[in-house]
């Protein structure tokens, strides 16, 4: 199996999503609060996984713009849940060494006095291995 | 010993491509009792049947096995062929080597082996078959139609026009059904009432049709040709014979807060009411939940104002028992509840409505007298958004997995009507696919776009966001432009999925008619018997069988009527001879079988028996062959093996088991 | 015992009954057998003691066809069988005059033998009136003793109670002798691995000589003609060959009496090979109790039997695997 | 499907009621939904026609698994047949388990005429289970301890 | 009413008040919240990978601690609730995760999702009952117009959290009503505040919060309440309109008349 195919399989497994169930209604994209910040739109995640173009998916801005707010997961009529796919793609990235989206050095300047613990731990979980 | 012929069908390449049919025939000749075996291209064809007939006559066959498609497909065909050749039709067994073998296996060797085993089992069974004679049962020449919508009315009219008595049982106070709630109909934009009302009147006036409104089917017993049905006539509290339909009672009724079912709860009605002006019968009912007289004992105004003296507060539910030969189910549909789709703000804003509610809004007899206005503030909308597929085509448990079929067309109709009547109103339709298979349907939809300028956007809506100023912000996708749209609207219309009337499950159980996971009644064959239920004597009309529009419903209603007429036209029906038989010499008289018989077909009698010379009177089971449907529950309940089922006897089934496990 | 005999004489004398169904002494001190008595003279052979284990209910099927009433002696547990037979229209209540006889547990000669007591000549303490809880046994090797309870039939250790479910009159005191868990043995087997289970039953059933004693004694096995004697299921070969009947007899028998078996224990009592046949019936009883609610066949004459009944919510057959 | 033992070809008997599950099996066929050829179907009018003796006979003759399919509870063509069948099979399977025939070798599944997919899935999973259990004890040997 | 209590990291640092007001209110309502010993941070987001175990263990430990006491586990912070509830569901229903987590933890008795996870709001609704709560209020907050801000974590995925209708929730509105105030329903109450994105994409989050604030204000809200420290932080950074945002427990403490003492406690620590 080539590595993209393997990654696509991995994404399907981690997310538990069967992208073939998608009927391309676009409700995820209609729902997404980060839509305008994304280069690959939520409804497109599915076809990237089906076409095994994981390279483009993991290099997309969208990976880091998804809020994991689960609105698309909740509203998807086909049980496809694109939010889970993008989460899984992010896992694929952060599990590779040196691919962390959040570097230790950049943290101090991002902090402010009110910033809650929760924000740091959440961001760490999402952005780093 | 039987003389058995085995006939192996190629079914073109359907069987022959994966099963070595000549091998099956060859192996058959090694089975005990088999004296003839052959294979042929199409056994069900005339030539194939001729081969069977020839072999029966030439070889003096006493039983035959056809290795072919499912017995559900051609058992009857081959039985008839055997009968014509002088063989008892019940000496025919089918080995299903198509659906259960060639179609599901790919490996030729494996499939052939299995086919041989299936053939052996059938041969083993035929070896123990005995000729059976079908009995006869009478046909009551009267049909029952459950549901008084367009489907039920059309079926009843067609049956009655053929000269048979037919009764309609309708749950609500008037016949008319969903169609009476519609304003216009696609694709010709006829006024719904204008085409429906004459049919309602015709049904009411027809001397062969009897209509029970405000009534429900309570109990069904019997079988094809001879059903006995209890109908509950709910207390109307108004004497049907005295009421003149003047309407004064409704005018004077002080309790006017009950939500109008007919107007989908968008306005209210009085406690004594007829659902709509053209109701048939034009006799009101008292809604006892809403009536002050029933709630407090005081009031009685309707009784005072009724000059005919028709008001009867003491009226009770009445059970009518009738006999029918055929039953047609036409229970129709409702729209699904939208509680779990609140991203569309249906429960949060009055200006988010379903399409069926829009029908009422657009209708001159509706809550806004036909003026298109917002239900929140009565203002005329300038921007209307339609959302399609709300609850249809859903894989999750919120909605329905099927396409509701009618929404694309009625949405186009609504959009067109609005643009026609109010050219200054902008109409946007969010769609996933536009599905318009039907005569003049796509042309209709294209007219909405091209002639009326309706704005179709491919993409679903994610959320409807009510604004403080009362507007509705619709956040949707435009998949073709790849952008997220925020559109301000004054009204949002949801093309809500339809589902079978929830009562249908209860009715299906009473009729022992099968029903699918979506509560649609199952047809006997998806392609070839679409208006018959697998349960003999039960026919399907309209949406209870699957989503369909008016023209299709009317066509199916007619088809169901023809099937019912075909049944009623017979004087006698042949009964299934595969019934239970008690061996009185073995019967203990314990009544265990009687306790499990769902048809009350078993009774106990004191009978004189001759048990190997000993004559004595014993309490023994007796099966009524007209009532017995052949389920076999009694045969297993009987500890002594006295009860056996003809056509599926213990020894026959054991022989099949042995053949398979050999 | 004397009270019983006296009463029997009275009933015969005043014509209430035409015969008495009880037990008469056998050729050994521990094998009384069921018998009809039609006159006061015959009653001199009447016995009733701790060895009168036989359940007389089943004899009433025949007796119901005879002229006149039959006085039948039923122990508390026998009355369940009688009720069950009424329910199945096999006995005629009007033809029976039921004397509920007292019972303080019935004895099993095999249990006495198992304690090493051999060469038995006579046994004292088995009489029903005796309150002693010890049996004194005269053997050719001298006098031996044995606790009454240790000599009781398995079924008496799981006694259903001292109440008669149906009777016209009662004679004698009864005692509830339950001192063990009814389903303990079933549970022990249930906990075995499939291989152990199969080995256990194979070992037990291999002893079977197909003498039909169990079938003959069982009050539920009252078919006019057993399926194993008819050709309805291709199951009537008699020779001990590779035939259906031989292998499946006990399982099928247990299934045919499921929901009807009162757990009277006659099958195990009469088995000459000592096969614990009641373990099949009791397994069904345990399952029925657990899955469909407690049910005691023969506790009444009108309840619906579990296998002719159902509820929409009944457990699915897959529950068998889930109960662990 | 795991085939640990390539030699092992199980014998599997499926009893299907005429109205729902046999039709479901037909639908699986016409939808070309495959399942192993080890399954052989016997048509009965209703699941309540299935006598425990049939199942015992199958096991006696060397069946490795027996499955019974009927209409869903509440949907029986004969109204109540499958309710009786459900109780009978529950007790029978429990008894079989008790004498050493693993519970996995017996199954009841409710399959409607519309559930071709379920029929094929059921048969696939049942056959897989039988393969994992391997050859059955010979119930025919139940009374023949050597 | 005794419950095991999982406060979570932020309630020990930046959100001390969320915790202090909750404890004071619980006391006033005769609810005993017993902090489980040695709890560890839940990680803030649910670890999605089905192959991840290590990141779920802190939740399992907390759940098991409650199980050993035979108590339900009460959470206060939306994120902790979300994570722990979902891990609990994994332990109950996902065999692979259950086996591996138990192998790792070597507990006396394996944990299989036995503990019931309740958000404090659920305790108030389902155990105390809002009617009863209403009776216990000493300072009814009459006339206050309060908007509930749910965010994502409490509601979605709704099947797992089974907290309330994900599109039209009412639990916080009913809570507000019980305190005597007037709930303001606005459509953005279940839309995301930006969550952890605010660490690196501050503007994105600010814009989202502005929409939320505008909508709430437009429908007449004078203040917002939330159960989540991160939501509170983000909402306070909203680009435009700024309504006051407080924890729901603060409002509760106020209505129950225990706000001041709790406040002192916070200031003292």
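Assorted remarks:
As written, the chains take the letters A, B, C, D and E, and residue 1 is the first residue of each chain.
Note that in this section a contact is a pair of C-beta atoms (placed from the backbone, for glycine too) under 8 Å apart; a residue touches a chain by one contact, two chains touch by 3 or more.
Computed from a predicted structure; not experimentally measured.
Common partners of chain D and chain E, by the touch rule above, are B.
The minimal number of chain-to-chain contact steps leading from chain A to chain C is 2. Compared with chain B, the chain whose C-alpha mean position is the greatest distance off is C.
Comparing the centres of all chains, each the average of its CA atoms, the largest separation from chain D belongs to E.
The mean-CA centres of chain B and chain E are about 49 angstrom from one another, to the nearest whole unit. Between chain A and chain D the centroid-to-centroid distance comes to 45 Å (mean Cα coordinates, whole Å).
Chain B and chain D have Cα centroids lying 30 Å from one another.
The mean-CA centres of chain B and chain C are about 54 angstrom from one another, to the nearest whole unit. Of all residues in chain E, those touching 2 or more other chains are 167, listed in ascending order.
Within chain B, contacts with two or more other chains are made by residues 343, 463, 596, 637, 650, 654. Each of the following residues of chain D touches two or more other chains: 52-53, 57, 74, 80, 84, 88. By the definition of touch given earlier, these chain pairs are in contact: A-B, A-E, B-C, B-D, B-E, C-D. On the side of chain B, the complex with chain E involves touching residues 339-343, 345, 347-348, 463, 465-469. Those residues of chain E that touch chain A in the shared complex are 8-10, 13-15, 41, 43-45, 47-51, 55, 77, 79, 152, 155-158, 166-167, 191-192, 194-201, 204, 208, 228-230, 232-233, 236.
Interface of chain D with chain B (complex): residues 11, 13, 18-20, 22-23, 25-26, 28-30, 32-35, 37, 40-46, 48-54, 57-58, 61-63, 71, 74-81, 84, 88, 112-115, 120.
Chain contact summary for the complex, chain B toward chain A: residues 343, 389, 393-396, 398-399, 432, 458-463, 475-477, 479, 482, 484-485. Residues of chain D touching chain C in their complex: 52-53, 56-57, 60, 73-74, 80, 83-84, 86-95, 97-104, 106-108, 137, 139-145.
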